[in-house]
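One structure, pasted below without further comment.
Order as written gives the chain letters A, B, C, D and E; numbering starts at 1 within each chain.
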Amino acid sequence: MLRLIKRRSKKAGLPPGTLVHIGEKKTEKVEITEINYNEEQYQEKEVTRIEECFPFKDKSTVTWININGIHQGGVIEEIGKHLGLHPLLLEDIMNTDQRPKMEDVGSYIFIVLKMLYHNEEENELEIEQVSLILGTNFIISFQEKKGDVFETIRVRIRTRKGRVRTQGADYLAYALMDAIVDNYFVILEKIGGKIEDIEEKLVSDPTPETLQTIHNLKRDMMFLRRSVWPLREIISGLERTGSPLFEKSTGIYLRDVYDHTIQVIDTVETFRDMVTGMLDIYLSSISNKMNEVMKVLTIIATIFIPLTFIAGIYGMNFKYMPELEWHWGYFAALFIMVIVGAIMLVYFRRKKWL
Amino acid sequence: MLRLIKRRSKKAGLPPGTLVHIGEKKTEKVEITEINYNEEQYQEKEVTRIEECFPFKDKSTVTWININGIHQGGVIEEIGKHLGLHPLLLEDIMNTDQRPKMEDVGSYIFIVLKMLYHNEEENELEIEQVSLILGTNFIISFQEKKGDVFETIRVRIRTRKGRVRTQGADYLAYALMDAIVDNYFVILEKIGGKIEDIEEKLVSDPTPETLQTIHNLKRDMMFLRRSVWPLREIISGLERTGSPLFEKSTGIYLRDVYDHTIQVIDTVETFRDMVTGMLDIYLSSISNKMNEVMKVLTIIATIFIPLTFIAGIYGMNFKYMPELEWHWGYFAALFIMVIVGAIMLVYFRRKKWL
Amino acid sequence: MLRLIKRRSKKAGLPPGTLVHIGEKKTEKVEITEINYNEEQYQEKEVTRIEECFPFKDKSTVTWININGIHQGGVIEEIGKHLGLHPLLLEDIMNTDQRPKMEDVGSYIFIVLKMLYHNEEENELEIEQVSLILGTNFIISFQEKKGDVFETIRVRIRTRKGRVRTQGADYLAYALMDAIVDNYFVILEKIGGKIEDIEEKLVSDPTPETLQTIHNLKRDMMFLRRSVWPLREIISGLERTGSPLFEKSTGIYLRDVYDHTIQVIDTVETFRDMVTGMLDIYLSSISNKMNEVMKVLTIIATIFIPLTFIAGIYGMNFKYMPELEWHWGYFAALFIMVIVGAIMLVYFRRKKWL
Amino acid sequence: MLRLIKRRSKKAGLPPGTLVHIGEKKTEKVEITEINYNEEQYQEKEVTRIEECFPFKDKSTVTWININGIHQGGVIEEIGKHLGLHPLLLEDIMNTDQRPKMEDVGSYIFIVLKMLYHNEEENELEIEQVSLILGTNFIISFQEKKGDVFETIRVRIRTRKGRVRTQGADYLAYALMDAIVDNYFVILEKIGGKIEDIEEKLVSDPTPETLQTIHNLKRDMMFLRRSVWPLREIISGLERTGSPLFEKSTGIYLRDVYDHTIQVIDTVETFRDMVTGMLDIYLSSISNKMNEVMKVLTIIATIFIPLTFIAGIYGMNFKYMPELEWHWGYFAALFIMVIVGAIMLVYFRRKKWL
Amino acid sequence: MLRLIKRRSKKAGLPPGTLVHIGEKKTEKVEITEINYNEEQYQEKEVTRIEECFPFKDKSTVTWININGIHQGGVIEEIGKHLGLHPLLLEDIMNTDQRPKMEDVGSYIFIVLKMLYHNEEENELEIEQVSLILGTNFIISFQEKKGDVFETIRVRIRTRKGRVRTQGADYLAYALMDAIVDNYFVILEKIGGKIEDIEEKLVSDPTPETLQTIHNLKRDMMFLRRSVWPLREIISGLERTGSPLFEKSTGIYLRDVYDHTIQVIDTVETFRDMVTGMLDIYLSSISNKMNEVMKVLTIIATIFIPLTFIAGIYGMNFKYMPELEWHWGYFAALFIMVIVGAIMLVYFRRKKWL
């Protein structure tokens, strides 16, 4: 399950700017890929040392350097030194507990986002942190492990599909963010499906497992919210920042992804409402079931307790009990019992318990 | 029932601006109608190819092109090309999961709204997306299927009722929005009726079906909210946009429809409060009923259990039990039982359980 | 009971500005009264045709035309034509489902308010819509039926009490609004009284009727809120509007009525809190009662069930049961029963159930 | 107990500015005290007619006139006439249901505050309204009855303790407000103590009285909130008003009392959270207790019901029942009963009910 | 346990600016340490009289004076006099109930913060107030007792680790605040651990102790919130204040600590949601358990009550009961009992109670 909070304490006391990885290590080897493209040409290579990528600055093509694995301070420090980035920013890249944020540092724009996966095997959410550094004609992206959400963009670049090859690095930044937000819809569909599944069982057959599922959904929603809400500020911030790194024509794309973010937030809030409502329904259903159990008990008990009492009376061993001597006494007793039972049944029917 | 979220995942990974229809296909054939009018003349025709409508731009009359069915990318792309619309806007038209929104793109104003119907047969809400493109002297409207909310406006145009024939395309846009908002009141009346129906049954006769109905009402309300809240921003946005497409004299009409929107929102919020309150009442009623059941059980059980015990004592087979030999023993036992029962009854009356 | 929503659907589809009365018809005949006054003179007359009132415009005295009954479109249309009012405003006057609002149309200020009554016979709230048109030296007020809240103002005008005779039409407008807001306090007193009544019964003697009353109070509060909240914006709007219709010296009066509105809102919110709290208390009390019922049942049952079992044992008909033959067997059995019962009682006392 | 709302209805219909006392009359005689001081001199006298105080205006010393008892319109009208105050302000002084507020009328600043006491005898909150009029070198304060919160300030003035003798009337106004706010902390300490008392009993021994106390605390908190929240705006208003009546050097004192107000609000909100939480705990504890009662009943009943049934079987009088004839039949039956009972006990232990 | 409110009443009535210690005395002796450093040199000494520290003002090195123990007014007054601080600020230092705040007094910046510890022995939160006075080249910090959160900074200064030796007093102020905020993460980890512990037990094994723990967590969260929320304004205030005491280059560090504060707040709010949700789960689990108890009772009772009744019938002593005479009567009765029991079991299985 997703941890509520990551072990950050190992960092307490260290001077700010110290590069310590916070979070689970999700990959062993750090992998660096460099993609170079413009409208005409396209080149993709795997590099082993980050320094190999540095010449990109002088090229006019758009360069996208993707780094899988953020647990090694060395690579990140190298990049930081080369680009003149503040140590605090580098620290944020390595801290997977970082809140999504955007910082415009003049020559670069620094963005931290959360990518969400649905782990099919464990049937639970997974979160991965993605950091982007957007420069004049390059993007550096940091991922926790080899992911696949960006793969579609790589395909589009390779196959010249869409606009990406004709646009600059800002469009690529948009495309990456768009891919992440689009993926939220996939997650939401999954959760929506789960909610609809539970909803049906809720009234008909509520079990303690339903309660557990509702609780887990609530938890997932909490993580979604924490990932999505800051996104809103980030993207509207990008729009308003007026940074020369973002061309004006990219504005409409940002607005579009902003729109999607609002849609995601709306849906998350609706789901939250649904899930909260489901808990109420669950509790009511439990109450209803208990009520029914009580009714059955009460009906059986209140019918038979008086009858048993009558039987008890004539089971007494007093010497002088005139009824016992009567020839029809036994049948009279049975008859009285039937009458009493019938009266009870009528009473219950009038009370609408039957 | 309304789906919580539509299958948007088929789009994940496609480049932005790709025209993919998201949502259920509600009609088979795409139908295109063109209405041309000004104060003097009026013309209405059905067209088969969208290109036939394009000459409207050069006419001085107001043109209203209505398209039923938005699942075919071709028609929408054609229009987009002709008017020079951004692919992202066209994408929004085809995505029925789009949040209501308004965009002022200079030469056009683009509006997405949600039309709500009450499906009488299934007794549930239905949502249809309506997109409007407002240009200098024309409106293009996109609907998911042949609807009837706009019919009254067509009648008004044909019969010259109201102001619509003497005004420009902006008034027509207002009239369409007004028709949609007016229809919300019809929905609210329906829901209000349902709420009042349930309210009466709530205390007298709460059943698990009541719970289900409350839950469904809550759900309907959620969809209503999601459709109505953004409307508020849209219309106040239209007022503030200062677009030359909207004449100043239309301002008072926008303010009126804004007023109605606020009224709708107010009512939706009141209904939400009502429905939440109803759940509490439901739970209390269930508790009350259970309490009553318990009381009956307790009264019967606590009266007869001691009596049965007394009968049990004199049913014992001990050799030496002096009472059994007494001549009046049996009647004494009966008398004691009556006394014990009476004491119990008095006790319950004092406790106000009877 | 107050309807949640009024039948507005009969209007759906009609062109905007069509004068249709929405709401219950509360009076048969439309009555028109005209009051003319200034510091020196005073004149009051009933008129039958609205046209008789129109010469007021040229007089320097303050004129107050009051119209009881808003279901006849004719009168309202006549006034609208004479004053050059927009049809949409006239529509608002006739729509009793209109939200309270204020519109500054330059030469006039248009205000819609809600008057609340407490119907003593039915013991429920009643709402009446009041619309005001304030012009340079006149006020036209529209009421649904002959009301009495404004009577005190008429008396003040007749008897020269207070400032009203020495001031202009803007002061009269203030006085009318003040009368409406003052009346809210009367309603609040009534509701406050009801709340305090219920509060006392709540812990001592909660019944399902209490629940119903709480529910009704909640409902009343909802209507109050919907009437009062918009009032706040209306009055602060009047202060800020800077209309020449309002003299500067009337500002302090507006601020005073604004103050009262805040006070009303504060009280309504406090009442809401109270009523919500009362529901919790009600539920707890029901729980407590049930707990007590359960305890009695449990005590009686757990004492007598084991005793009856013992009696049952010695009621068995086995041939060889040595105890039955003992001379003191019966008394030994009784003794054991007393011991068992006593142990149970001690246990319950230790559990604090007795 | 504090009334939810005061009888304001006697005022409905009277012209605005009519001086009518609203609230309980808390003192019989109106007492007027005048204190005159500057750094060198100090004079304190009781006056019987308010006119005696009027010469203070011409003196250069700071004058503090305190009036205990606000139910006599005459005194207040007199002051109003002398200072040229608007009748609406005078009305506010006499209306003890007035919301705390501040009005800067140019030559004076008018402040209404709420003083809270804890009535030890009745163990409940009491509210007293205090109005202040701050002029160039004087303050007039109105209290409902002879209070003691201001006594410490009088002592400081008499004994030259603190800064008050060296400062102007604005500092005195601050000192009075500070005394009122400081007193809120005393009330909060009391309530905090009560909360901590209840908290301990809550889980161990919840009784209906606990519920009543929680309810009362909630109610007290509501009154506190209504007194304290407006205070925040009042004091920040005083800071921002830029009135020449407040010297710049007093600003830091206002900021300090503002700080305290925020602290009070914070604490009130925390207490509200606590009390709400306590209700939940109370309900859970009740549930827990009921659960325990149910368990005892169930254990006793489910153990003995089958045993009694077995006894019942062998109590039947059939002619041919082979077991009855067996020599060890009785002991076999007892043995079976012991076995059945033991199985039940094991079952309950496995269910963790024992 | 943390007190809800501190005894502040001893101060009520004293003139503002009186130095009275509010809160628990946590240390006996006041300890004063002075640290002097710049890039080249470093000096640390313990002083006994605060006057020894005063020459620091003339030095160019950064001076950090730390005072453990704030219960002695003398030391604080001395510092106040030397630096010309307002008595109200000195009062805030000694009042441990002070809300976190920041005040820019021109030549100094005054900051009050809350340090949180987790007392391992008592397993509860502890709060300590820390006040900072930041001047041109010095910082004076006040702590309630000898703490250890700042120790890491002292070590960094001594060992020249990080940037602290090369920067001014503003960086030191940042470092101190950062240490405090970093420590919040340690607390949050602890609480997060506790929450996850309880979560697991919640459904499987809810006990009243769980309820108590949830309640305590809620309480802790409340204290955290009160410490953390104001921090946000403080740090954003420091950023916006534009004080020359803060160099521009320190801005990025402030932004970083602001970021962490937001993260802490986010986590606290998430935890609050979790804990609230846990209470719901707890209540549902209790309900579920009760339901199960009821079911067992009902099953046993409803099976055996009719059987016992049948046994009771044939235990009657009527003279003429034909069944008793039958040879197979006994076995027929047993057979009927088995049938009745079986029907019951089938019924329960159909009801899904088994």
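In this text, a residue touches a chain if its C-beta (ideal position, glycine included) is under 8 Å from a C-beta of that chain, and two chains touch if they have at least 3 such contacts.
Since we're looking at a predicted model, the values are computed, not measured.
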item	value
Set of chains whose contacts include both chain D and chain A	E
Copies chain E and chain D - interface residue numbers shared by over half, same or different	different
Magnitude of the superposing rotation for chain C and chain E (Cα, nearest 5°)	145
Distance between the centres, which are taken as Cα means, of chain C and chain A, whole angstrom	42
Whole-Å gap between the CA centroids of chain B and chain C	26
Interface hub residues of chain A, defined as touching at least two other chains	283, 287, 290, 294, 297, 301, 305, 308, 312, 315-317, 321
Ring topology as an ordered chain list, initiated at chain D and continued via chain E	D, E, A, B, C
Interfacial residue positions of chain A with respect to chain E in the complex	3-5, 7-9, 11-18, 86, 88, 92, 97-99, 101, 103, 205, 208, 211-212, 215, 218-219, 222, 226, 279, 282-283, 286-287, 289-290, 292-294, 296-297, 300-301, 304-305, 307-308, 311-312, 314-317, 321, 323-330, 333-334
Parts of chain E lying in touch with chain A, wherever the complex brings them together	152, 156, 161-164, 175, 178-179, 182-183, 185-186, 188-189, 192, 195-196, 203, 252-253, 255-256, 259, 262-263, 266-267, 270-271, 273-274, 277, 280-281, 283-285, 287-288, 290-291, 294-295, 297-298, 301-302, 305-306, 308-309, 312-313, 315-321, 351-353
